[in-house]
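Dropping the structures in below, format is structure tokens.
Presented sequentially are two complexes of chain A, the first with chain B as partner and the second with chain C.
Right after this comes the complex of A and B.
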């Protein structure tokens, strides 16, 4: 399906309409919204990693004038239901937890009580006056220790800290070993990270006692699914709750779950009958919001003498922290599913283990499966080193060609619409073949990483993987009485540029200028129920739904136009920029009516409509994408390592990407660069560190370093796009592959540089201390 | 205990009643009612709260409002008619140098002051300056390009 409109708006680098307000500082983020009579919340949090709550004394806090309530877990029992995560997935242990712990806290920063006061300063002062007596328990902060039989139990209800053990086998991997010329085991250890949106979380909840209606204003990626969780936990009906997500200062996966803080604020707004506001501070955000990525992987690859893969196995162990806000298999599972990318692997197994620890809970972060490309291409590089074969040649020999697609991947999905064979060759051209020699001061390396990015997941994927839920998206388009257009879709923007891009989509689909199209998002009353913004689904699922909805709308508009023009069919009509055009002698000519004329009829003169046509011009359409869509890319970079300091410098960085047809290349380019930057930041800098007692040592942006302008090189991006074959407009989705490729390209380049020394970096971040230790043969602990 | 303080913000005098430990960032946003100044960390690292104090960039989250008596505070709202800021805003727009926009006011305020003094900014100098402002969305590349494009026309004027 490709569009048949000449000079359409889709594909143009239109400047963002969001920018005007944001550049003036007139955005409307949660904390910019003023509400009369609002009260402020602050949380009492645990200073310990694991402890029993013996007693809580709130008297001193309540004595302060202007403090209205101090609420503990016991106060909310029966008012708010537990979080239950128990999809029927074999090997996944069902878990549940209270909204506010009554007996035990599980990590430093865990919730103990909530204070409501006249202002934020006062609420914080009162929170400090709450006296809590703890019985400190031994904490477990290492996932491997957590999996031992005698480890302290994070969740007393469970038999152990092992919440997932799942194995997926394709073919007979173990039987291939006897034919293998090479068997290579390789380890990969990705450190704990966090999303760090520049805007932390926050919310305002208000309860309308008369209407019995709750309104939650909060930066959310998924307003409707959030509402679903909220009504379940609070015992309300869907129609009693409005979730509104205004401008959002970044999310990256951190603003998906219904966290306990927002839920408590909603419950207290209902109980106290006053609006309540909570703004997370950065300390809370880094200690207790959501972490990500802490995974250890080991691959075992069996190959013949030419480097052809006979079999591959993957073991993953993931640290999920103290609470499961998501099914604990889901992040590691996607790594297992897509690991093999565009390589042919006939015999395969992945084995997932997920452990609870006394650390902040984890969730998806931009490219939850980020480690996959590093693991796959890093494994091939290790095979190259072991066999003496050329690493690029090994990639080529195992690469599926276009003729071999679609290909049933051993992980269970069907791969198609990818061309890594082409992106890799192009990337090699761009990065150049020069081999720089190591000298007394520096080591040089070049790294290549091929990326298959799973972008949009349809309902079929969720069904197959047992996760449940839907992958569909929903669009509504209203042609207003004045002929302007309002489109909405169940996504929520946090820098994505949807207001601009989707106006282009609606413009083409309906046949109007994007200037006359307003896009409303992030509001459960304004948008139809959709699954929200996550992964790379926005453009494909949301854009696809809007496009199909708009096409349906155009058909209806032209049906009316034909009647107005006295024609008995709309076959030779089309709409461009709001004008109806008619095909006359092979040329399109303005027919003399436009969308405003049609709207006038539809709303104010319905008797003039064609027989059987109802008044009004509202269109609704859902779209369920194929089980999985794929984009692909090859990342290539060059690095220099200072032998004396271990300092790593990225001297060149190239991406060749195929993300299908794009709605707005300017926005897509911005997302690609941003994703690479986040990947580099995670590979070389970020590190969420806990000490053995479970104290978080990375609670400020000074300690948890994210990349500055000096840490990110100039990134050169080239396209080798092929359209998606099964989606409207040929869209495929993007914005996460950059993270995946950056990890792999930089880590592979570092290992190329280290190869002459016979050492290999297997842990992230690639900090100067770590690299220096590897270079000089004394492994210094990262922490 | 709250005290009366006179603040001059964007050329306007505000008599406000605040406690001594109130941060300038909170007072600007919650008392004066100017919300372009954003708070990203309250730890002095991210730069989202950058304002001008007597025309020099300062972190409003590291400043007590009570210290500001007798000083001129300028927020992004007060730079609306400043030609360098306007040129920056236009360049940010054209080069897609913002995504979520939360960091953007801090960048604009920092840069507006710097560009008035910088003579011939190089890409390295721009990146060096910008280390004081964090952006989690853009990867900085388009910001650097936007700044250089403005520098080409504004510097040395």
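Right after this comes the complex of A and C.
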């Protein structure tokens, strides 16, 4: 499915139209939206990691003038349904929890009560006056301890803290060991992190008693699925709820689930009959919003004397925190599915275990499968060190060639449209072959990481994996009576540049200039029901749906145009920049009719339309992407480690990327750089630390370090793109692979640098303290 | 993250400020740049009854150089110190330290008086003031006194100001010709709190060896340590290649470092050694345009 319009708008580096308003402070984030009569909420949160609630005394809080309500879990029983996560997935333990705990809190920052007052200052003052008596219970903060038989139970309803144990086997991995020349086990430990969007969570809920209608303004990635969750929990009908997300100040996966705070605010807005707002502060965001990434992996690779993989097994243990806002297998499962990438692996097994602990609940974070590329290529590097073979040669020998695609991956998906064999060779050329030697002050390393990025998940994937939901997306295009165009799709933009990119797509699909195309997003009434922004699906699923819808629209417009021009077929007509053109003697000529003429007819002179054509120009089209689309890339970097301090400097960073056809190269470049920066930040700095008692030690930005632009090297990006074969325009999607590649490239480079010392870094972050300990042979506990 | 209730006062003049401080005794906290105080208020770690905003006080906003002293008003912002021609000419170390504090936005608001009186053990200005033996000019309704910062700094987050006193100015002695000052700050990330820092003042003798040497170390939450007489053993030492490492090794060995939440003592010691080595190396290096 390729574009047949020369010089289209898709592919042009158009400046982002949303940036003017976002950069000049004219965005509409939750905190920018004023609402008369709004009241403010603050939450009473547990100072303990695990405790029974003995009693709650709210009298002193209610005595403050301007405090309107103090609500505890008991007050909401029966008003709001429990969160239930129980998809029919073998090995997944169903879980449920209350909107506001009535008996027990499970982590530091867990909810105990909600105060509604005239302003946030008062609300916090009142929250401090709520007296809670706790019976402190032993906390479990380490996932391996949590899995022990005698561990304290995080969820009293469950038999144990093990909420997932699943095994997927392809072939007979264990039988290969007797033929293996090398068997290498390698460990990888990724630390807990959090998304830290610039705009924390927040919402304004208002209940219109006359219409019995709830409006929730909140920065959500997924307005429609959020509405679905909301109506189910509150016992409302879909048509009774509007979710609006005008601008979203960053999300990274943190703004998908319906969390308890927003739901409580909605319930109290309905109960009290006044609009209520809650703005999460940074302390709450870091302590109690959503964490991610805490995973331990162990691979066992069996290879022949030439380094060819005979079999691979993966054990993953993931810490899911105190509550399951998602099916607890989902994140680790994607790692297992995608792990083998573009390598041929005939015998494979992955074994997932997920544990509850007394820490903040976790969810997906830009590249939920982030660890996968490091684990795979790090395993090959470990095999190279063990066997003495060249690590690049090992990659080449196990690489699937173009002729071997599509390939049924041992994880169950079908790999196609990837070319790591090409991106790797190009990356090696760009990073250069120089080998720098260690000296008295420094260690030098070079790392390579090949990335297969699962970008867009179609409905077939969800069905196959047993995860509820759909992967389709929906678009609506209206050609307005004046001939301008409004497109909408069920995504919400958090700085993605969708308004620009989608106007380009609609421009090409419909045959109009993007300047005349308005894109409306993030509103359940304005956009058709869609699955929202997650993964790398925006361009492919959202752009694809809009493109298909626009093509349908153009066909309809040309059908009318043919009638207007007295032609009996539209076959030799096309629309460019809103002009109808006609093919005459092999050349396209303006036919004298434009989109505004057609629109006038369709809306104001319907009797002039062709026989059987209905008035109006609205188009609706859904698009279900293939089960999974893949982008790929190779990341290569060079690092220098200061032996004296363990400080790591990335001296060069190269990406060779294949993310298919590109709608807007400027936006794609920004996403790629942003993803690499986020990956580097997580690899070297970010660390959500809990002490043994379950106290969060990283709950301010002074303690939770994030890389700034000054910590990120120049990132050189090159393209080796091939179009997707099964998507509109050849789109594939991107924006997460950079995270995956950065982790692997930097960690592999560090281990290359450490190799002469005979030590290997297996834990992230690669902090100077940790690296210094490895270099000097004294294991320092990870901070 | 909203502060507990407090009364807000906006000082209209230095006299007004001094009267407020005298009247409120210990319960009037000064709001200058607010870069440390406001987060502390919002985290409710600090709960003063009264906040005195001094941002209107031009009397505290001055930079002069005379009589061998660089005088900087308490309300002078970090960015201004970093870029002020007088500071850059007479005391490049102070200007350089100011330029490295936090981020651009922090440097637009933060003040030297606030930083010195907060006495954060990892902050830049306390290190510079300790190294230079700076003096603080303190005022109250009772009068004015000048106290060496080294004496005023009792322990981290604890300066020996009287309840009714405010800082008017900081006096940095302008270093004599030939005195080299260098600093090395070790961060885990750009703009974050320093993990360890070292600053050195060194005068070379005619041979390029060490004539005078003072070193200040901040690490591990300790009160910054001024090493002066402790380094007398190195005076007269020639400019040999092993000297910086020898001094650094001695410094690291005598520091009473302990494990912190961010790093174990052994690591802090390694970083101090590295910072000190780099500082001393730079201080000893021949510089273009200076007599050898």
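The working rule: the second predicted complex is superposed on the first by the 783 of 783 C-alpha atoms of A that agree within 3 Å, B and C clash if a C-alpha of one lies under 4 Å from a C-alpha of the other, contacts with A are read in each partner's own complex, and residues count from 1 in each chain.
What we mean here is this: a contact is a pair of C-beta atoms (placed from the backbone, for glycine too) under 8 Å apart; a residue touches a chain by one contact, two chains touch by 3 or more.
Every value quoted in this text rests on a predicted model; they were computed, and no experiment measured them.
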item	value
Contacts of A:645 with chain B and chain C, given as first, second, both or neither	second
Touched partner set for A:702, first chain B, second chain C, both or neither	both
Touching partner for A:773 - first (chain B), second (chain C), both, neither	second
First, second, both or neither for A:241, with chain B first and chain C second	neither
First (chain B), second (chain C), both or neither touched by A:203	neither
First (chain B), second (chain C), both or neither touched by A:667	first
Touching partner for A:117 - first (chain B), second (chain C), both, neither	neither
Which of chain B and chain C A:710 touches, first, second, both or neither	both
Partner chain(s) touched by A:497 [first = chain B, second = chain C, both, neither]	first
When both partners are placed on the shared chain, which of chain B and chain C touches more of chain A	B
Set intersection of chain A contacts, chain C complex versus chain B complex	120-121, 281-283, 700, 702, 706-708, 710
Touch list for chain A against partner chain C, complex	120-121, 124-125, 128, 281-283, 642, 644-647, 685, 697, 700, 702, 705-708, 710-711, 767-769, 772-773, 776, 778, 780-781, 783
Of chain B, residues touching chain A in the complex	19, 21-22, 26, 29, 33, 35-46, 48, 75-77, 80, 89, 92-94, 96, 98-105, 108, 126-128, 130-131, 133-144
Footprint of chain A on chain C - complex, ascending	1-5, 39, 43-44, 103, 186, 188-193, 261-264, 266-267, 270-271, 273-274, 277
In the complex, chain A residues that touch chain B	15-16, 18-20, 22-27, 29, 31-32, 34, 120-121, 196-200, 247-250, 252, 281-283, 494-497, 666-667, 669-671, 673-678, 700-702, 706-710, 712, 714-715
